[in-house]
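Reading through the structure tokens given below for one structure.
The chains carry the letters A, B and C, assigned in the order they are written, with residues numbered from 1 in each.
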Amino acid sequence: MALSSSLTMYKASMIVPNRAAVSTAKFRGQGIMCSLSTLISHNLLLSKSVSADLKRSNFFPNEEQLFGKNGICCHALETEKAFGTAEKAIEFSKGNKFQLDDILDAQQFDRDILTAIFQVAHDMEGIEKNSPGSQILKGYLMATLFYEPSTRTRLSFESAMKRLGGEVLTTENAREFSSAAKGETLEDTIRTIEGYSDIIVIRHFESGAARRAASTAGIPVINAGDGPGQHPSQALLDVYTIGREIGQLDGIKVGLVGDLANGRTVRSLAYLLSKYKNVKLYFVSPDVVRMKDDIKDYLTSKGVEWEETADLMEVASECDVVYQTRIQKERFGERIDLYEQARGKYIVDKNVLAVMQKHAVVMHPLPRLDEITVDVDSDPRAAYFRQAKNGLYIRMALLKLLLVGW
Amino acid sequence: MALSSSLTMYKASMIVPNRAAVSTAKFRGQGIMCSLSTLISHNLLLSKSVSADLKRSNFFPNEEQLFGKNGICCHALETEKAFGTAEKAIEFSKGNKFQLDDILDAQQFDRDILTAIFQVAHDMEGIEKNSPGSQILKGYLMATLFYEPSTRTRLSFESAMKRLGGEVLTTENAREFSSAAKGETLEDTIRTIEGYSDIIVIRHFESGAARRAASTAGIPVINAGDGPGQHPSQALLDVYTIGREIGQLDGIKVGLVGDLANGRTVRSLAYLLSKYKNVKLYFVSPDVVRMKDDIKDYLTSKGVEWEETADLMEVASECDVVYQTRIQKERFGERIDLYEQARGKYIVDKNVLAVMQKHAVVMHPLPRLDEITVDVDSDPRAAYFRQAKNGLYIRMALLKLLLVGW
Amino acid sequence: MALSSSLTMYKASMIVPNRAAVSTAKFRGQGIMCSLSTLISHNLLLSKSVSADLKRSNFFPNEEQLFGKNGICCHALETEKAFGTAEKAIEFSKGNKFQLDDILDAQQFDRDILTAIFQVAHDMEGIEKNSPGSQILKGYLMATLFYEPSTRTRLSFESAMKRLGGEVLTTENAREFSSAAKGETLEDTIRTIEGYSDIIVIRHFESGAARRAASTAGIPVINAGDGPGQHPSQALLDVYTIGREIGQLDGIKVGLVGDLANGRTVRSLAYLLSKYKNVKLYFVSPDVVRMKDDIKDYLTSKGVEWEETADLMEVASECDVVYQTRIQKERFGERIDLYEQARGKYIVDKNVLAVMQKHAVVMHPLPRLDEITVDVDSDPRAAYFRQAKNGLYIRMALLKLLLVGW
């Protein structure tokens, strides 16, 4: 779908607080007043079944519905601690469901939407086999249209769809649509595929391809990576993992390590972390692949503190998160000596673990080569396989949000 | 399955009309009398649920069942206008369900079967997510056995199966079965696959492969294209689209444009249109790729009027349907000049649209290159993406008919 | 999972027979007494619904439950005749379900486990579309992780999963995970995939890969062939087919024909047949590809009679099973003359059929070239396509056992 949003934002302060809101604020243990609308929107984000209850009760829930039987208050407290509170209320009006249209790039998310997506992802973690929640996408068909193979990403999306009861049409052979002999445009392919499915997950070798697909399609499109461009579900799962592992996003210190010039992962992560308060970023990389100025300038403009350094050990001892990435040999051209030197210098091993704080974690977008040694795997602070698993929950959340709304 | 049919045909005039038939004829607004059998068979084709009702009432429906609650009469009128009335009644006897065995080539369909398939396809358009109709193939397993990739066709069949609640085993790698090292015959492969599935959709590079598969298999086989041979579901969706777009098949004028010598699509379409009354065909093509004599002779023998011309504009102004196809460069050998000339001459663009009638449509089997310009897409008469979507309904109908009957 | 088993074995004679056991023995028509535990374990193996009944009745079934309504007694008789009786009782304790962890090689099965698997496979044959049995794996997700294509094996596993209501994530492109550019280890890939699925079916080009996968994964792993190594589900289906076709496994005579040196199929089969009593094996092969000494020595150590011969006709007239395999040209190096001679000598054709006993059968792991002539196919003793179909039931049984237990 074309990028547009039915989100209507307004200041919470514009709403007259009422009895329910007051009691709510009390239960939430926060010193500020918040409106019923805020509350409802938050609770709606947390639980589809409560959402149904609220609709039935015509938007005037009693306290038992909100706090009594469902234990939602605690849930809200927990997820808000990890992912932050939306600063503005998200309006929910009956019939006009809050609806994301497409997932195309990291820039489309503000803090409210991030919070909302993470809360849905957190709900997804609790869905059990053959429970009603596992069937919310029953009858829906997702097409995975991959113009280049990416088995990891494809299986993650397909698992997400099937875990919610949906079905999948799959091709890793999408180039065949536009083979030399045939020469069909991406737009024509999308018009055909949208006739067969309810949502398209596209992986393409050209930057911008997902946006072209979305502007053609009458159904939602998710960008599963378009060349050197964007891979927004990876960016979301990275931020979600930090929230899940550290318990908060405001006030965290994150060291980004490795190839910071070319990795779309670390660039998107830096961008998204700027949405949170008092974040500090450390850039640890060989000179050849330093973080580019566009991101640094953006962070500065947003008041995000950042620091460039070559000292992995010091950063490791300071940070909540050491986010390691792969350094690609080809970036160094003929200076193989510089490459070998860089690799050796930035490996996360037992020595790095030894200086890290007890609550801190090591992350990695995977696949890894030897930039994290295998003996790190058994340390509870090795979060990279949990991170991969979180990709499943984020993708479940995105599919749910795009297909059936909150 | 071997090609055989349990269809028993007989003349409607052999049936003594009764009260129900008389009132039926009145409701249908047709000047002719028609038998109860005709009626029942038609209504059975329209709706599985009515079919069940009729079976329960032992073939003596009351008027309410036929015309009252279900609004079937209007439905029947509409589909009959578009697809024609079967000239002979199709006998339906309890327990012996009308059953297609395999779908192998366009030649296996007569007008009655076409009408019946199109009526089922039309019903398929109305099936909603999670409705009982969306589960009629639950528990059935389709194997898509593709010896060459054809993502468009494969996804269309797989979507059709899943839209009806069925499941899919898929391979685009079927040549691996008979790789040089292994050398298994197609027949042996089919005997293995039929043990794993309930229906086989086969795409093969050799003409006649689907028929060989069908004569081996104890389960239904659908030909999804065998080399230069047949692609019957494409032929069916073309005729179905004309019926849906123009509202009738008798009396239509169709211009076939482009490579008429090699395109199995246009050849099959010409063949199937000969089943209808007062059809006129125009063949518009470069000399090198003119429609071959076998089809022309067949049309003449059936009393179908046809005309060969080079004037696309005149044909476009006369026709109900402009059916455009791709002209392949390699057909012109070294005469690239002739190829370029031919392409330029037979492009459907805004100028062609300007002379076409308001009710007429442009069709194309897809993929297209530049033989239809992109600015045509937004015109409501551009029917090619609706045509692709109709492929889904036709394939749903075929799967339903082959697996569970009417 | 790491190889371990919660099976507890104990001698049946250690159990004091009670009333139910006595009446049971009578109904089973066996002259020996057998314990309630034996009985329960056997019946549990036969039927999940009975198992549920037994659990409800707190392990003291009445006779009607065991013999009355379900016709289980006959079933037990039949399967015991074909597959042998477990010599030791398998303990079933409530809550601690008998559980296989992984399926890695033929050596992990003893006679009791074989009997149990075959009984479950036999139950699988009776599962009908949309019956409760067809949904026992609903909500489970199987990942088919194929590092080399094997369409036959993949479709067999995927059909098995879907016939039981489960879902599938599929890749024939698993090498892409560990492509040169990426270099991910198998262990890392497994840690990612286990986050997306409930069971992994792996096909790999390296011997031992499945065992490495299993020792990493926290979910069950099935080896679907690892290079020159093992392919245990093929071995199981071969033994199961002999039991189903001949009606017994004790006392059978099997001729293994063709390439006995390199075929993992015949090697595993010889190994597994040594679990049964009074088995006699004939090895019929060209000199170049004779059965290796390790298997011969093993058979001798187990008291299994075997004989090496070049006379296919004599063996065919003696045996219950002629198990034919493909002779690969490349095994003969430059001695093409020897290859041609060997092939001609060991073809199963009408002449071989003519000397075979009426109850005997021809088997083949497929694909076949011309080592069995096509005119053999129509003889009822040609069991190879039934054998392929049995692969489905064996794989259904393995998936059920690994995912939900008995």
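Definition applied: a residue touches a chain if its C-beta (ideal position, glycine included) is under 8 Å from a C-beta of that chain, and two chains touch if they have at least 3 such contacts.
Fair warning: this is a prediction, and the values are worked out from it, not measured in the lab.
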item: Category of the chain touch graph - line, ring, star, complete, other; value: complete
item: Same or different contact residues where subunit C meets its copy subunit A, judged by the half mark; value: different
item: C-alpha-based rotation, subunit B on subunit C, 0 to 180 degrees, nearest 5; value: 120
item: Cα-centroid distance, subunit A relative to subunit C, in whole angstrom; value: 44
item: Junction residues of subunit A - those touching two or more other chains; value: 170
item: Partner subunit C, residues of subunit A touching it in the complex; value: 129-130, 134, 149-152, 154-156, 158-159, 162-163, 170, 172, 366-369, 385, 388-389, 392
item: Residue ranges of subunit B touching subunit C (in the complex, touch as defined); value: 138-141, 143, 167, 169-171, 173-174, 176-178, 182-184, 188-189, 191-193, 195-197
